[in-house]
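Here chain A shows up in two complexes: once beside chain B, once beside chain C.
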Partner chain A sequence: MALNALELIYKRLRERPQELVEARANGAKVVGFQAYNLPEEVIYALGLIPVRLGSGGDGDLVEVGGRYISTKNCVYVRSTVGLFAENTDPYIVNSDIVAFDATCLQTFRTAEVVQYYFNREVIILGVPRNFYLQEAHTYFAAELRHFVSRLEAISGVTLTRERLADSIALYNGIRDAIVRIYPYQATKNPAISWEQVFDVIQAGYVLDRREYLGLLESLLAELVQQRGAPVIGGEDDEARIFISGSTIPPGDKKLISIMQELGGRIVGDDLWSGLIPYVDVQIEDATLEALASAYLNRTPHGALPYLELATDRRIKRLKELITTFKANGVIYHTLRYCDPYTFKAKETKDILEKEGIPLLELHTEYAGSDFEAIRTRVEAFVEMVKLRAESEEAA
Partner chain B sequence: MAASEKIQGIFAGVDVGSLASKSVIIRDGEIAGFGLIPSGLNSEESGLNALAAALESAGLERSDISHIVSTGYGRISASYASKTVTEITCHAKGANYLFPNARTIIDIGGQDCKAIRVNGDGSVADFAMNDKCAAGTGRFLEVMAGLFKVSLSELGDLSLKADAVVPMSSTCTVFVESETISLLARGEKPHNIQAGIHHAIANRIAGLFSRVGIQSDVYFSGGVAKNKGMRKALEEVLKVNIVEPYFDPQLTGALGAAVLAQAIAVKEAKKGRQQESSAIQSAA
Partner chain C sequence: MSAVPQYITRSSVSDTAEYFRYPDEVREQFIATDDIEFRDGSRVTSLEVWDYLTQVGPVKYPNLYDNSSLYTGRLSHDVTFAFNLKNAYLSMTMHERMTKAKAQGRPIVFVQGGQSVDPYYAAGAVALRPASTGSWARGQREGLTRNQDELESRSDKQKAYNAISFEVCNSAGYEHIQEGNVPADMVAPYTALRCSDVSYGTEAHRHGPRAKEVKLLLVDYPLDHQRDKEWAIRYFADNLHRLTRSIDEQTGRKTTDDDLAREIKLHNEGRRLAIEIADLWWSADLAPTNGRDRRSLFLLGGMETHGDPVASLSLLREARRDIEKRVRQGHRTEGVLDNAARLFVCGSCVFPNDLRTEEAGGIIVGNDNHWSDITTLVNEDGDPYYELARAVLSYPYEQPLKERAGWTVDQIRKSRTDGVLFLYKWGCNTQSAIARLLVDEIKAQTGIPTIIIEDDMTRTQTEQLQNRVNSFIEMVS
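And now, the complex of A and B:
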């Protein structure tokens, strides 16, 4: 049965670029950003329009970006620089100011390149390297205060407690709706696929956040009406694949389309372009300090160094999500020169092996030349996982 | 000694690789014939020609075969096959048929190399493949053989005459080609450079095994497995003994595909019996 809210989300996505043009013509300002630990709440609270920038899957953009930023940066970063160089993407074109955070140092470098070569007004939000220290919270709150002061100057609005509280409530609603929608894709005979939920999450990068929350609530209501409470599970011999690793931004369909073609079923992810930013967010108060702490208390991004695997929150969350979504294999997707996630592939594999979960590392980029090679690896992995599932069933 | 059960029937595996197309026929659980031909531009045609060669060597007709499994990069263009399976799964099955104690497979084919760990039943426990470039593949060796103006089969034998191994600073096919020219100009012995080339590939393969682990017995499959120099370099670099093949290692993937064709027949027969039994019970 079709999901009307899902169709509406796709429709509103198509309409969004023109809406932004009109909003700007009426005096609104757009903050384009690319970041992992940037509390969007503050942008929205100041009456600015937050738009997450960046796309993937286009090898030509990577080539263009490589003229401005070292080719030893990941393809996502190069692609982003390529978007600024071409300056035809509606979200890049319509950004009055662009913001980046320093979670991944390649993103930080993008900020420098964008300012230097493309003369765009850039704000950077500093991010501590170790989220586990109290000093990190103090530092990040100070960075956030500075970031807000820059936005206040642009918007002409002062961030009040009320404004921030309203915005936090809105974003809490979005996070809650996503977390409740997400399990429906992992059920037997699902009404919505993981790929569609992934699209829904990424639609929230650009749609008006208030409208987006309404769309999410409508979608959730339809899912509840059609399926009741979600019961996670599937067929006995199913290859239920969990996706981890480097970001998969809008437009990067290589792995997803290969998975669909080969009959492997994605049932979960801990991607920064997927579920992970929406879980574990507990904002205790409508203050910048509380907001800063809540973001640092989430699952840390792989770009942040942390050597104690036994207490690594990223690994802990990964294992929990694999269990929750009853995945029986992990595809660990790494982008060429995405060093943080590439370096963590082996340790993640070793940890999951102890839990009896096989992991396939796929190292790829946006050019299509490795399509067949990736296809072979994924196909062999799906064969392996299915065979294991069959053996376990027979036993 | 074949590990496969003695299943009655005739089954075929077809492996269309980038350089060669292979086919193996299994009859009542034993290898009955095989074909090995160079791959052409048309994958479907290459597979069919390899199958025809295998049928001829077995003295059989196409209509005698009940199930065919295709594998290799040309598996997606195999309308003649009952099923397609990746070469990783097929090499594991083929190696298990030949050497039931094999737990690790090194496969160097025309355009890729693989490290595969195998369970006792021939299923894949883990695997890793090289990146998309030609480094560490049969194609790499082919280019190097061309540089020394010898055939591919001679290159390995020549490397065995080395009295030292000249280390190569890269495994990039293009860079090694230019490095080799520089080394020859510097007066290095060709045999020592040839040994260095084989060691460069072995080091590349060692990188794959750091991801999946290595466990005895180790079996070397694929066309490059016939190269004695490569085998020696792998044994030295990986510090393992590789089992001595008694069947053409280039046919391992096709053999595994035939074993899987046989397994499909067994599964279908079992399903048929279950349906029959259910029907009888329903009727009763």
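And now, the complex of A and C:
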């Protein structure tokens, strides 16, 4: 049965660029950003329009970007630089200010490149690497305060407690709705696929956030109406694949389409372009300190090193999600030169192997040249996972 | 073919390599030079250094005496420059000296290159950067030819690739520390600064075979206008406190503010000497040393090369006098053309072969990496943690592009550079990312020709790199 809210989300996505043009003509300001630990709440609270920038899958953009940033940078940031160089993407064109964070050093460098070559007004939010220490929280809160003061100057609005509280409530609503919608894709004969949920999540990068919450709530209501509470599970011999690793931004369909073609089913992810930023967010108070701490307390991004394996929350969360979504294989997707995730591939594989969960690392980029090679490896992996599932069932 | 100088020998008929020997004619002059003092109060005389270099070294480390001009690490032939011999001695004795320091109860801490090491020594530890860690590990293998040594090193690195990823550039010494070749007690570098890989390399140690024995810590270097942000300085100062406390847990003693203040003074002396040496070197019409010795000399100001700042200081003090004398006398350095094209190297961790560069008519007169930290003096008044943090966050190499470029242009002007090379390694993301930016800005400010060259990680394509450097020399000459 069709999901009306889903159709509406796709429709509103198509309409959004023109809407932004009109909003700007009426005096609104757009903050385009690319970041992993930037509390969007503050942008919205100041009456600015937050738009997450970046796309993947386009080898030409990577080429163009590589003329400014190096070919030894990940394709995601090269592609981002390419977007600025071409300046035709409606979200890039309509960004009045561009913000980046320093979670990943390559994003930090992207900010420098964009500022230098494309003459954009750029704001950077520093992010501590020792994110688990109290002093890091103090530092990050101060960085956030500094970031907000720059946005205040641009918007002419002062961030009050009420404004921040409203924005936090809105974003909490979005996170809650995503977390509740997400399990529906992992059920037997799902009403919505993982790929569609992924699209829904990424629609939230650009749509007006209040409208987006409404759309998510409608979608959830339809899912509840059609299916009741989600019961996670599938066919006995199903290859239920979990995706981990480097970001898969809008437009990067290589792995997803290969999976669809081969009949492997994605049932979960811990991607920063997927579910993970929306879980574990506990904002204790409507203050910048609380917001900063809540962001640092999330499951950490791979670019933030954590030095003790036994208590690493990234690994812990990965295992929990694999169990929750009843996945029986993991595809660990690494973009070439994405050190934050590439350096962890072998370790993650070893850890999951001990738990009896097979992991396939796919090291790739946006060019189509490795499509066949990846297809062959995914095919063999999906087959292996299916066989294991069947034999486990038989046992 | 040119005649082989009398101090070049072959060790056996089956060995085709030519070996360098320190010529007897310079012995008398050399043994009259200063002793080297060490941190533990011991000293070695120049005579002992001479005997080591002429008797022990060639047997233990024939690889280091390989005289091929293709060998980037070839011993410098400037045998009348005492610094050069003593510096070689300190490199060759790394294994013995570090083993002794460890036995004396000094924690061995892995750090990264291009960072200050004052707080590590203040807390009684020895700070070793990647190259020194490698040199300790290599020092344990005796009697190898250069090819054998290079093969061993490559197979060491392979261990890091296998355990982490083949895209690893800086593995934070994983292949030595986790394999147990280097008995490091801690891996505790400054993060983020300069290098994209060191934080991830440090994290990788958590799954190594010695994970339980080796303590891990990151001294977190905040980014983005950090120098101008009070909260960033405080945060970094907190990290420095955490570092010394952590070393204290190993030594059982308490590092005081005075300990750090004293250490800062000592390291400032090294930094000052290096700056003075650079000013002298750059002021000379004729290069007072070859490029290789210049680099080692400037680098020593960071006090991180030999695992012993006191020893580094004693070399620097003497070298300062010798350079001044050479400049005064208009010393002409063997192998360097009077009108050599003066090159400045930007970027991290790659260097062309100095000797081949000089053969092609150029000379490398400066570099930004491993220099920006040395040119940053620490204020000796006030809270030493705060002042150190303020200085470290001011390293020009780590500032926003325009400021970094401004400082680099300053160095380029002072050194009267004719051409700028930006070099980076294949796996290096953070430096490569701004290669074009930096050279474009330098070009815009100076009009000097620039070139960007990528080096492969395994150093199997050094010939290609050198060819490009040589054509660049032709172009700027």
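Everything below uses one rule, namely that the second predicted complex is superposed on the first by the 395 of 395 C-alpha atoms of A that agree within 3 Å, B and C clash if a C-alpha of one lies under 4 Å from a C-alpha of the other, contacts with A are read in each partner's own complex, and residues count from 1 in each chain.
The rule is simple: contacts are C-beta pairs under 8 Å (C-beta built on N, C-alpha and C of every residue); 3 or more make two chains touch, one makes a residue touch a chain.
Model, not experiment: these values are computed from the prediction.
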Message: Just to be sure I read the superposition right, which of the two partners does A:Lys188 touch: chain B = first, chain C = second, or both, or neither?
response: neither
Task: Applying the touch criterion given at the start, work out whether A:Lys346 contacts chain B, chain C, both or neither, answering first, second, both or neither.
output: both
Task: Return first, second, both or neither, reflecting whether A:Arg210 touches chain B, chain C, both chains, or no partner chain.
output: neither
Task: Figure out whether A:Arg161 sits in contact with chain B (first) or chain C (second), or with both, or with neither.
output: neither
- prompt: Is it chain B or chain C that touches the larger share of residues in chain A?
  reply: C
- prompt: After superposition on the shared chain, which partner residues are touched by A:Ser70: those of chain B (first), chain C (second), both, or neither?
  reply: second
- request: Would you tell me the residues on chain A in contact with chain B in one complex that are also in contact with chain C in the other?
  value: 346
- prompt: In their complex, what parts of chain A are in touch with chain C?
  reply: 67-74, 77, 102, 105-106, 108-110, 112-113, 115-117, 124-126, 128-130, 133, 135-136, 138-139, 142-143, 146, 305-309, 312, 336-337, 339-340, 342-347, 350
Footprint of chain A on chain B - complex, ascending: 73, 85-89, 112, 123-124, 126-129, 131-132, 210-211
Message: Which stretch or stretches of chain A touch chain B in the complex?
response: 346, 349, 358, 361, 363, 369-370, 372-373, 376-377, 379-380, 383-384, 387-388, 391
Message: For the complex, give me every residue of chain C touching chain A.
response: 162-165, 167-168, 191-192, 196-197, 199-207, 211, 216-218, 220-224, 226, 229, 231-232, 234-235, 238-239, 242, 400-401, 424, 426-430, 432-437, 440-441, 454
